[in-house]
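Report on the following structure.
Chains here go by letter, A, B, C and D, matching the order in which they are written, and residues are numbered from 1 within each.
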Amino acid sequence: MKIGFIGLGKMGYNLALNLMDHQHEVVANDVNTEQIRALAGEGAEPAWSLEEVVQKLEAPRTVWLMVPAGEITGTLIDQLAELLEPGDTVIDGGNSNYKESLARNEKLRGLGMHFVDVGTSGGVEGARDGACMMVGGDEEIISRIEPIFTDTTIENGYLHAGAPGSGHFLKMIHNGIEYGMMQSIAEGFDILEKSQFDYDYEQVAKLWNHGSVIRSWLMELTQNAFSKDPKLDGIRGVMNSSGEGKWTVESALDLEVPAPVIALSLMMRHRSQEDDTFTGKVVAALRNEFGGHEVVKK
Amino acid sequence: MKIGFIGLGKMGYNLALNLMDHQHEVVANDVNTEQIRALAGEGAEPAWSLEEVVQKLEAPRTVWLMVPAGEITGTLIDQLAELLEPGDTVIDGGNSNYKESLARNEKLRGLGMHFVDVGTSGGVEGARDGACMMVGGDEEIISRIEPIFTDTTIENGYLHAGAPGSGHFLKMIHNGIEYGMMQSIAEGFDILEKSQFDYDYEQVAKLWNHGSVIRSWLMELTQNAFSKDPKLDGIRGVMNSSGEGKWTVESALDLEVPAPVIALSLMMRHRSQEDDTFTGKVVAALRNEFGGHEVVKK
Amino acid sequence: MKIGFIGLGKMGYNLALNLMDHQHEVVANDVNTEQIRALAGEGAEPAWSLEEVVQKLEAPRTVWLMVPAGEITGTLIDQLAELLEPGDTVIDGGNSNYKESLARNEKLRGLGMHFVDVGTSGGVEGARDGACMMVGGDEEIISRIEPIFTDTTIENGYLHAGAPGSGHFLKMIHNGIEYGMMQSIAEGFDILEKSQFDYDYEQVAKLWNHGSVIRSWLMELTQNAFSKDPKLDGIRGVMNSSGEGKWTVESALDLEVPAPVIALSLMMRHRSQEDDTFTGKVVAALRNEFGGHEVVKK
Amino acid sequence: MKIGFIGLGKMGYNLALNLMDHQHEVVANDVNTEQIRALAGEGAEPAWSLEEVVQKLEAPRTVWLMVPAGEITGTLIDQLAELLEPGDTVIDGGNSNYKESLARNEKLRGLGMHFVDVGTSGGVEGARDGACMMVGGDEEIISRIEPIFTDTTIENGYLHAGAPGSGHFLKMIHNGIEYGMMQSIAEGFDILEKSQFDYDYEQVAKLWNHGSVIRSWLMELTQNAFSKDPKLDGIRGVMNSSGEGKWTVESALDLEVPAPVIALSLMMRHRSQEDDTFTGKVVAALRNEFGGHEVVKK
């Protein structure tokens, strides 16, 4: 297939290469012309504007966006909506909030166009050699463009999950589970670290990847991390987050699903980003008020 | 009544004064002879040893311990068990773990002696002018010595809660609830502090003490605290804890009661005592492994 | 002052009476004409339509809405915006989400009108005899209409909290704290209930209201509840919720404030509304898969 | 090696077979003589009493216990302590609490004997064909008996974790992490189930095992479970637990490590075992008291 591809960052560039490896033709665009030039050097057809992307494709067109979630995605889809024709398809491969995907789908549907949302997991390496893709979209469109997903994913790493929005929703939940799993692993090692025993964490993680119930890719990464820095002495425990964990908790609240573990995984990340908390000050002040418990002065 | 009173720290000294205000005779002992001398100056009968405490009382004796929970309490009760006679009573007014109180009751019961456990709330001021006491003990003993509780508590501030152990258990739960309430208040103010609005926290706490659902003594203390330091700028948010919160959570686990709020209140205190966490390091390292997310170097 | 008053439900009706007790003139409207007629019988001036409310007031007008939060509030404000004149003021006394209040303030400000948001606590009784009110609005407007707040609140039960939106935000946080406090109290009694001791909960709650750290209006209500049904045998533990707890957690997430206790208080409410959970099924199925642990068949 | 093996339940029987596969001689004992006879039929040397186990081994003896954690383990170790000689070793392969293992190690050490604690993961299948073993014990003993561990574990599935007690501690933490991971996965699917989308959970789990960040053995088991019952309609969501999750949380409390995710995973299990909660009743009664909110009658 011939595909318009917008967004040649780390993920997008590698995914575009992956597409080309599988004999797809890529019309490549990015705000950074260096990236366009680089991918053109690998065989892509350069397009220096959205207009050119659209002109270089034949109807029904397929344009794959691989840009940071948020405003940019919205702006690009709005611009494409003015350039494309009924029957054309826009794929959003970024980590967009599924509510925005639902709205974008409605908008494009109103113009006779199609929207496909793709949640992608597997990192840069996956983008290059075989990712895991969760795809939402209408059946008739997906069946037409499915090869671009089956070709660029690992075996069994592609699922047409359901209606438009279901791909990003599924990716969001995937990340929510990931938050919980990571926090679980980390709490376990924290207790080991404070214990009276003297464990070799790399060995522990390696062991747990062989025959134990908790063997997992995340535990393999844990092993890797400890192999480089046995006590993680070199880093601070600041746990940043992008949006999906938060959206998962918000969805849990919307749907009235108790999800304490995912919620707490997120909140402990927020806690890690602060050196001190107002919560702590209030409790310390209260303990001082009623019990005369000493406070720690600054 | 004439009462042996051991332990003349902040709480004990004031409680002894309170007893004397109500025409009880106090035979006072402490490891710190200064304190004995001081209380003797207020009218107490000094006793320079446990033996002397026992000798200066007539059977059936009542000896009230007001010492820090833990080993000291156990040691003193063991020593008293050798000095006292069947029919005598030992009162533990400290914050002992109810499991230890149950064991001490069994031991004394085996010697024909009695054990009474008193959970005390209300702080030093309460000890002096009228505390809140939760008392566990056998009915026939409690009915005999009840005046020392009714006299030293605020009106309606005394309850014979049940069998031996039930007083300390009830005090433990009281403190567990206190942990949860304090954390609730503190989280609320933390969200206010991070909000776009500019609240006067003393005014807010004062308002909430007048007609709102959350009016409470803790909110009054919150008002006091903010009246002294409007943004609590002078203190660190380090939330220490003594044992009762932990015991409450352990009891919840033993009894299989889900108590997430009390458990989290305690765990956030533990979190506040650390500058950095191993949990955080592990999660940060994992995010770096799979997503190339930057870590914060030390 | 002469005030338009729209919404004569339980809260609104009593608040209108309260206003009239303090010599304010009330022009009363409600969708339910029975309620208008009833309040007219108490001395209010009836208005059978929004138009009539507006006509019966003189500029600058003040119209107080006391209707259920949500769509109705929005619709009424939109309609009033077309009927009122620059300089007039709309007060929203309902439990609106502060984000909507911010938007409504912007809209009215654009028309030269004023918006005041009032979070009200204290229940029906408070509405009648003296509530607790948290008020957001511009200084010059508040100073003009302040008597209607000071007159209808308990002493010290009124606060001009800050800019428009700050009243509803503060009420939201108040309710979040309330969620945490209630769950704290409830967990405590749940542990008592599962313990080996046999407590009289009414007596326990009464005791805790006299001299203890956790004395509070909520504990008084706890005492009342147990006085009517000593073990709460007659009711199911279904904990419903209106919106404020959820909004508090969402605000905590937006502001990246860890608020585990308020979040869990809400999530345990959601849990209580389900007889069985899909979460539980998945865990039970997994335990069966790896350990052969028996599942409970339906 | 020749090994005394006590406890021929599901795990023990298969582990004994595994040992014999690797040319170890097994002297087999169990309270159930059927099991002894069965294993004798497979080539084990039967022993009808502990005395016989000891007699049939030559010093320095090695006796492996594979019995349910708790009292039985303690009783057997006490009995063996009287039968064995200095220099002999007792291996506890059950899921014992590490604190008991520390105490047992002290006791045996006082008698000149050795204690080795083995945490075993991988289920019955692992016991038969290659388990994952976390072993605590003194270096010189471990190095002598190590073949029985390396032979019966999967490749890289054996670790000498450290001093006595460290094996059971590590297994405990392993299970704590397992609780958190399982709850994470389950919460994710619960949100999917309540969502507007219509996912095929078996397909989702399968997808997530191919190239995603959360691929894991537990996710494979999730796939298996959904392949048998697509919506888990046949089972109740009752999540039982054995001791390790609880011990992990208790250790976290002892060591003052915040471990909210593991704690909540356990508490949600406790919640799932109740149809209704006293917590819920108290909150519902309170809402009724202050807001007149309807309660659900039984």
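Criterion: contacts are C-beta pairs under 8 Å (C-beta built on N, C-alpha and C of every residue); 3 or more make two chains touch, one makes a residue touch a chain.
Quantities reported herein were computed from a predicted structural model and do not represent experimental measurements.
Seen from the C-alpha centroid of chain D, the farthest chain centroid is that of C. Among the pairs A-C and B-C, the greater number of C-beta contacts is found at B-C. Rounded to whole angstrom units, the spacing between the C-alpha centres of chain A and chain B is 48. As a whole-number value, the distance joining the C-alpha centres of chain B and chain C reads 35 Å.
Chain B has residues 123, 183, 185, 187, 190, 194, 213, 217-218, 252, 256-260, 264, 267-268, 271, 277, 279, 290 in contact with two or more other chains. On the chain C side of its complex with chain D, the touching residues are 10, 123-124, 182-183, 185-187, 189-190, 193-194, 217-218, 221-222, 224-225, 229, 232-240, 260, 264, 268-269, 271-272, 275-293, 295-298. Residues 121-123, 126, 130-132, 134, 136, 153-159, 161-163, 165-166, 169-170, 173-181, 183-185, 187-188, 190-192, 194-195, 197-199, 203-204, 206-219, 248, 251-252, 255-262, 264-265, 267-268 of chain D are the ones touching chain A in the complex. Note for the complex: chain A touches chain C at residues 213, 246, 249-250, 252-253, 256-260, 263-264, 266-268, 270-271, 273, 277, 279, 290.
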